[in-house]
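Chains here go by letter, A, B, C, D, E, F, G and H, matching the order in which they are written, and residues are numbered from 1 within each.
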Amino acid sequence: MTLNEVTISRAILEEQHRAIIDHLEMDAAVIGGGPSGLACAALLGEKGVKCALIEKKLSIGGGMWGGGMMFPRIVVQEEARRLLDRFGIAYKEFEEGYYVAKSIEAVAKLTSAACDAGVEFFNLTSVEDVMIRGDGRVGGLVVNWTPVDMAGLHVDPLTMACTCTVDATGHDAMIARMVERKGGNLRVKGESFMWAERAETRILDHTKEVFPGLFVTGMAANAVAGECRMGPIFGGMLLSGERAAELVAERLGR
Amino acid sequence: MTLNEVTISRAILEEQHRAIIDHLEMDAAVIGGGPSGLACAALLGEKGVKCALIEKKLSIGGGMWGGGMMFPRIVVQEEARRLLDRFGIAYKEFEEGYYVAKSIEAVAKLTSAACDAGVEFFNLTSVEDVMIRGDGRVGGLVVNWTPVDMAGLHVDPLTMACTCTVDATGHDAMIARMVERKGGNLRVKGESFMWAERAETRILDHTKEVFPGLFVTGMAANAVAGECRMGPIFGGMLLSGERAAELVAERLGR
Amino acid sequence: MTLNEVTISRAILEEQHRAIIDHLEMDAAVIGGGPSGLACAALLGEKGVKCALIEKKLSIGGGMWGGGMMFPRIVVQEEARRLLDRFGIAYKEFEEGYYVAKSIEAVAKLTSAACDAGVEFFNLTSVEDVMIRGDGRVGGLVVNWTPVDMAGLHVDPLTMACTCTVDATGHDAMIARMVERKGGNLRVKGESFMWAERAETRILDHTKEVFPGLFVTGMAANAVAGECRMGPIFGGMLLSGERAAELVAERLGR
Amino acid sequence: MTLNEVTISRAILEEQHRAIIDHLEMDAAVIGGGPSGLACAALLGEKGVKCALIEKKLSIGGGMWGGGMMFPRIVVQEEARRLLDRFGIAYKEFEEGYYVAKSIEAVAKLTSAACDAGVEFFNLTSVEDVMIRGDGRVGGLVVNWTPVDMAGLHVDPLTMACTCTVDATGHDAMIARMVERKGGNLRVKGESFMWAERAETRILDHTKEVFPGLFVTGMAANAVAGECRMGPIFGGMLLSGERAAELVAERLGR
Amino acid sequence: MTLNEVTISRAILEEQHRAIIDHLEMDAAVIGGGPSGLACAALLGEKGVKCALIEKKLSIGGGMWGGGMMFPRIVVQEEARRLLDRFGIAYKEFEEGYYVAKSIEAVAKLTSAACDAGVEFFNLTSVEDVMIRGDGRVGGLVVNWTPVDMAGLHVDPLTMACTCTVDATGHDAMIARMVERKGGNLRVKGESFMWAERAETRILDHTKEVFPGLFVTGMAANAVAGECRMGPIFGGMLLSGERAAELVAERLGR
Amino acid sequence: MTLNEVTISRAILEEQHRAIIDHLEMDAAVIGGGPSGLACAALLGEKGVKCALIEKKLSIGGGMWGGGMMFPRIVVQEEARRLLDRFGIAYKEFEEGYYVAKSIEAVAKLTSAACDAGVEFFNLTSVEDVMIRGDGRVGGLVVNWTPVDMAGLHVDPLTMACTCTVDATGHDAMIARMVERKGGNLRVKGESFMWAERAETRILDHTKEVFPGLFVTGMAANAVAGECRMGPIFGGMLLSGERAAELVAERLGR
Amino acid sequence: MTLNEVTISRAILEEQHRAIIDHLEMDAAVIGGGPSGLACAALLGEKGVKCALIEKKLSIGGGMWGGGMMFPRIVVQEEARRLLDRFGIAYKEFEEGYYVAKSIEAVAKLTSAACDAGVEFFNLTSVEDVMIRGDGRVGGLVVNWTPVDMAGLHVDPLTMACTCTVDATGHDAMIARMVERKGGNLRVKGESFMWAERAETRILDHTKEVFPGLFVTGMAANAVAGECRMGPIFGGMLLSGERAAELVAERLGR
Amino acid sequence: MTLNEVTISRAILEEQHRAIIDHLEMDAAVIGGGPSGLACAALLGEKGVKCALIEKKLSIGGGMWGGGMMFPRIVVQEEARRLLDRFGIAYKEFEEGYYVAKSIEAVAKLTSAACDAGVEFFNLTSVEDVMIRGDGRVGGLVVNWTPVDMAGLHVDPLTMACTCTVDATGHDAMIARMVERKGGNLRVKGESFMWAERAETRILDHTKEVFPGLFVTGMAANAVAGECRMGPIFGGMLLSGERAAELVAERLGR
């Protein structure tokens, strides 16, 4: 068989076009490909929710790649160990209750799990705004290519509709802040000091629907609540992603 | 149990320190975390070779994340389909002999495979130079933190010794060019025009030891040989990574 | 009727997808949306040639927008006046044989003419390389989104096949230089001093097929030939575009 | 005849000088060359209003060039179809009531229409401030070359007087904000969420004189009113431009 | 003996690893390597306090290197002359009561003194946040590599615990501002006009514990208090560093 | 009388327009507003030569403003003292034969003299190329606004014709290099080491017509000749400017 | 005589050193080298006031170099014509009462006049802060090299004492804003819309001592008062400079 | 006593002025403040040579601050241990013959030693060129403020004369390259691969006078010779600095 460059191009264009068209309307959109977003999306996919993960960068994984201070290791506590097992991430007990994993493996395994669960990924895609219509719910996302903004160009966005939106954008809580800035009844208090114990304990309470149609998870949940930060321990991130997936699925009636 | 920030920090520092010290001397170092480098490292790991993958960016995956023109799909031809199967990457037949996969899944599954095979990853790590001693072989790498260079700082590097070095840095063929620039008997001809058929056919011949201790794979192999480029078809990349792993293992006597 | 954001997005995606797929194989591709490229494409379209104009910037028009030194007027001499008439560009006689037009109108009317003639435009699209297969002809273009490069990202390109390629990239002669740099038998001498009379007289001779499948027009033609430059007089540009269209049509048997 | 570079230069300088001097006093100035500004200027010109369009960029067309997410297509709804016809922009029905046009053709045809209607264009020209004298009306513009600002230079501006000013600067509503910032009795609320239906319906009401002598059109109208945004549907833009032209003509007694 | 690159690398890694691990918990951390921070750290070290100096830049010395307007001389008044003597910094009487020293020697001698006193230095290390747990005291620092921020990367920090924290970051008073911004009961008034006499006289009063666990010294002390600035006279800086060391030692019961 | 902004604008536009049109053809153009260019232009003007000085920066004065190492003083030796007197620049004898002047006064007085002599200044104007027609002489300049280049815009230049061109662009010798790069029979050797005595002695010999129609003066003269550099002594600069004026006047038959 | 590079360096260093030392204490300091600052300094010098002009840029002249929109002409009205005559600036009557001069000549002649009057210039010198001691008067300036800030370096400033300070920094009114920001009883309202007539009429009233020891002139005077701006008409600037000089001289008892 | 800001400024200016004037002619100038330059300067000073160390950065210490990969430790081998002792740098034996020191202490102690030996430091000072007169010897340096270049300004340099020049600029060998580029009979081969053993052994041979009046030390010596590099082992650096000091002293007859 002879390889044809045009067929290769057509294959890529046709397949991705189908994926985009197919996700112009979906059950749930997760914004941000860090640990909580990936865990949430993977678990939503496993529950049969039609879901996309939207990431502004070229690569998926968010702040997890660099571990702590560029030493690519992360720590997970006892309560979240079962999620490491669930996603197939190898770990080692450092002291009782402290499990160390490779940050790069964690990214790869979480992403693999989301792919296996049927989640569609849109990378290099920025969320510029949200769609809110007469019902007052966040009902969709206004998206654009990230490089358009990086290159300082002025190009109009497109729109993707979704029943539930999950803000997993980390301590910036970008979607929640967008809603706040444009007058939605929501206040983002911003993350507080470092206090791992407290931050890890409270995060599940803060993981919730903070505005009709908008859920927060991971550091975005703590940032909205004005809660403490926790540093390179990731148990709370994974558990919060799991909780967000449960809440979204419940809302969707799954 | 109460979480302690200092224990978290210590866990990360101790574990990564052990990993670095353990890899100051190793069998093989693969430079570049794109498809051929990941495939090569994963397969070396499976053969029991003590191997590290060194990537200058924060994320692993190289040019694969963006598919073709930011449409995150890649194409693989019949000959390499078995490697998609081997690494657990899902695909779909587009036309006879053309298989389309998601580029993001490909990165995640290849990285997962390398992790499972025991490969150690050093990301945000740049190779500044190579070590060549009296025997005239490339015997190690001179490495530094990538952000040191990005920030325009002047900081000395460290050294990692390895018996075999695999240049998987893509069309820049950075390691080969380093050896050439400093007077090694090696010429990097540079990649030629686009001609997928030819590029994919010849790449296995170009995958070889081009200087004592230095192997080239993927586009680095074609760039050294002055061979054509192939665009977003990745069969040759994976097969070249496999071939490089075989050659290195053979040289190491595995 | 109620407007639906998702239908709007789908309409844009579907229509443009069809246009891209339809032009993965075409008769002629004109690279560069300045005066000679626009005139060439418009006239090719009028001859029924399936043709696309590929422009790296967001806007079409190249160096014509700014007239001379940001005074948005251009001059056209007697010989090319009929092309102003043909494209419906208003003008005024300044001195005998010197006609002044508004540069902005010239861009708009040339672009309108090309649209009316069925030319498809791909803006924000950069040509990274050319495709040359066994027959040694330039047979296609390796393209990417311009913002990918502006943002310093590493993303693979796609390929568009075309029987004839027209380099209308101005004094850089970027396509011709690409072929030269990669070893094609072609020499780009670079534009010479300013000498309007000579530059305008010789440009038609320099407008030709300079490599199998590759035609040059406008300042790219003069640059390949080492000919003089002419400044803000545009008669030669338009006539050269016309000539290139004739040559390409002839080669295609129209 | 021999071409003379100096005559070419003189022709450009003389003609543009006349155009500038002629427009130091005019009936109407439209700021911003996007769809609403172009439509407004073209229709003002057709009504015999002495009018200039002032655009800060080198090219005319604003945010229309890139369609939606760099896919150069725009959508227009039934109500505005007659304006596509009027300006000669080709379109295709996608679904009932949704018409798709090429964004590049739309720019070219709107600009052509404005040129044919006698509108004078000043590109690369930024409005730094407005002139307000004793009558409390916006009575002129303080303009400068855009590159002066891009290059970080300190150069004084010049002034152009106009009876009516149309702010067509998009969601920044730059002229209205200038008036607000310097204490004028005017409040720019800023654009709200995406809701195409509502944004398209309300825009005509928001198109009005918001301060003595200052009219707003297009997204600037919605931004002043705190109205929703609409994305890549352009019917409201064109209709708003038409409405602004009617209001300005009425004020001028045409 | 033959030198081995790997042993050199191992020596560096092992020794510094031990130093980091050893300082994850310490008595006092001084942030900022300018004159007051260096003096404070050196004197704390001499008192047997386990202490680290954390500096965000590559070099130690802060604003002292450049003297006044790049003329590398500093002035010290009578009251602080004994500290020049104590640290071995040569000086010359310019007028009665005004002693001039070389700014570069001052940096070198202060740094030498701190090293001799057993202070551990962490350079290229930024403090991103502080740790505050249930007792409401600043109990540690959230640190990261400076180049991570300079390179615009997103990498998680690590944590170092300390009983006392000394903010010696100059007029930015960065640690105090962090505490203020996140809601701590502390107000940073900002430095006032230049008035050397007053600034030098009051600085000792402003050198104190401004929040549980947080001490300020040098210009940070004056900035918190809204006190005047003093320019290139350094007596107050040194005396303030000495005072801070006394207060910290007292708090630690030394 | 009431001041009218439009009259102010018109006055500026009309007067400068006349100046530009009047200088599209001239006897001599001096490129570069440093000491030799200013002296040359002033003396040409005094001889009744129709002359313009073209300077790429906003301010006139070139490298003279900063004196030596930002200490705004310059030195002139005995031989050139009469030129200080001629231009009314105050000075002081430092040692026998060494006269010190204020660099800022030197700029102001030289510029004043050129203005008084009727020289027209075009600042913010870059020379992009030269015009050479059939007679093989440099017969004009291809000019553009400097901010066009600073802002990275693509705008065509205009042309100014002149019988004689003086390259006073300093050690870059930009006009001479342009001629060299495009194939003119001229070699720019580049300035050599610092050796003030020799550089000052030889500069008058190097001040000459180096290509038909092109004269060099100041450091451009030494750079073409491969002569030494002299640092912040300006006698040779002024004398070279005087010599260039004499040569140009002679060529023009004055 | 043989020229010696070291003598040249010594001459520059010694002379400028004397000038700096001599101006560490002076009667008046004018900040900003635009038209009002130059006029003020020149007239102060003529009155025998020991005065320095401090300019942050390398060149003197401020915003005057570029005339209006890079057309280097300025306009002066009847009332200020006598100052053009006084400074020897040539002009031409455009319409009755509107005189046009060359902006470059205006800079050169004003600077020459200031030099002749004995004003000392310190260019590349930024004012970072002011000195205010017990008497509550602005009594000096905290200065630094401008390139220190441009290069992002941290270097301490030096201090220059002066009895009167004149803020001639244009519409930024930088010195007045400094005093305001640090709590001085002074409010900078910011410049208002363009209205030349009003701005020119009121400026003399706004030229005054706005804080003990601090005078404002030129656009800084209008900016403090919230007065209108006037564009490229310079009569008010010169008259304001003259008024400021009178007020300062009066305060100093001259 | 009351502190006076003006006296402080005068003290700094006077003292540094004296230092500069005093070093316009000197025995030896060492360029570059890394380990070899510092050692060389310190030892020259101890021998009574009038010597300055010229460093382009604000801080002294060069590449030593960051240790290896930002781990601030350096290694020194047995042969150079005596120099650690001589300069008072503490160390610890890691393995037999490998001594580890703190890089920050090494900088501070070497700098202190140079200060104590009477070496004058000029930091933020760049060498732009060298002075070579009739005798063909490097006889001085052409220097400028580093921030002038960082800020992109055009300011003339000054000159410092010296009998011997030591290039200690590291692997760039900047002074040697300057001499080579301007035609001096000297070839800089560039550093070769990493091979610590060889690099450390050969460096003393390469430390020599490579052009009349120009000595090389440290990595500059190896770079000129095309010798290998050695990484973060500093024995050779210190020994080379010592050797250079001996050679220079010998040449000067000390």
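Things to note:
As a working rule, a contact is a pair of C-beta atoms (placed from the backbone, for glycine too) under 8 Å apart; a residue touches a chain by one contact, two chains touch by 3 or more.
Protein names from UniProt, one per chain: A, B, C, D, E, F, G, H = Thiamine thiazole synthase.
Keep in mind it's a predicted model, so treat the numbers as computed, not measured.
Least step count on the touch graph, subunit A (Thiamine thiazole synthase) to subunit G (Thiamine thiazole synthase): 2. Of all residue numbers used at the contact between subunit D (Thiamine thiazole synthase) and subunit G (Thiamine thiazole synthase), under half are used by both chains, marking a mostly different-residue interface. Rounded to whole angstrom, the centroid-to-centroid distance between subunit A (Thiamine thiazole synthase) and subunit E (Thiamine thiazole synthase), based on C-alpha atoms, equals 40 Å. With centres set at the average Cα position, the gap from subunit E (Thiamine thiazole synthase) to subunit F (Thiamine thiazole synthase) is 52 Å. Counting partner chains per residue, subunit D (Thiamine thiazole synthase) shows two or more touched chains at residues 5, 8-10, 12-14, 17, 58, 65-71, 124, 131, 140, 145, 147-148, 153-155, 158-159, 194, 196-197, 231-232. Taken pair by pair, the chains that touch are A-B, A-C, A-D, A-E, B-C, B-E, B-H, C-D, C-F, D-F, D-G, E-G, E-H, F-G, F-H, G-H.
On the subunit G (Thiamine thiazole synthase) side of its complex with subunit H (Thiamine thiazole synthase), the touching residues are 5-6, 8-10, 12-14, 17, 20-21, 24-25, 58, 124, 131, 140, 145-148, 150-151, 153-155, 158-161. Subunit E (Thiamine thiazole synthase) meets subunit A (Thiamine thiazole synthase) in the complex at residues 129-134, 140, 142-145, 148, 153-159, 182-183.
Every residue of subunit H (Thiamine thiazole synthase) that touches subunit B (Thiamine thiazole synthase) in the complex is listed here, in rising order: 62-63, 65-71, 190, 192-198, 229, 231-232. The residues of subunit B (Thiamine thiazole synthase) lying in touch with subunit A (Thiamine thiazole synthase) in their complex are 1-5, 7-17, 58-61, 65-75, 77-78, 88, 90, 92, 94-98, 100, 102, 104-105, 107-109, 111-112, 115-116, 121-124, 145, 147, 194, 196-197, 200, 231-233.
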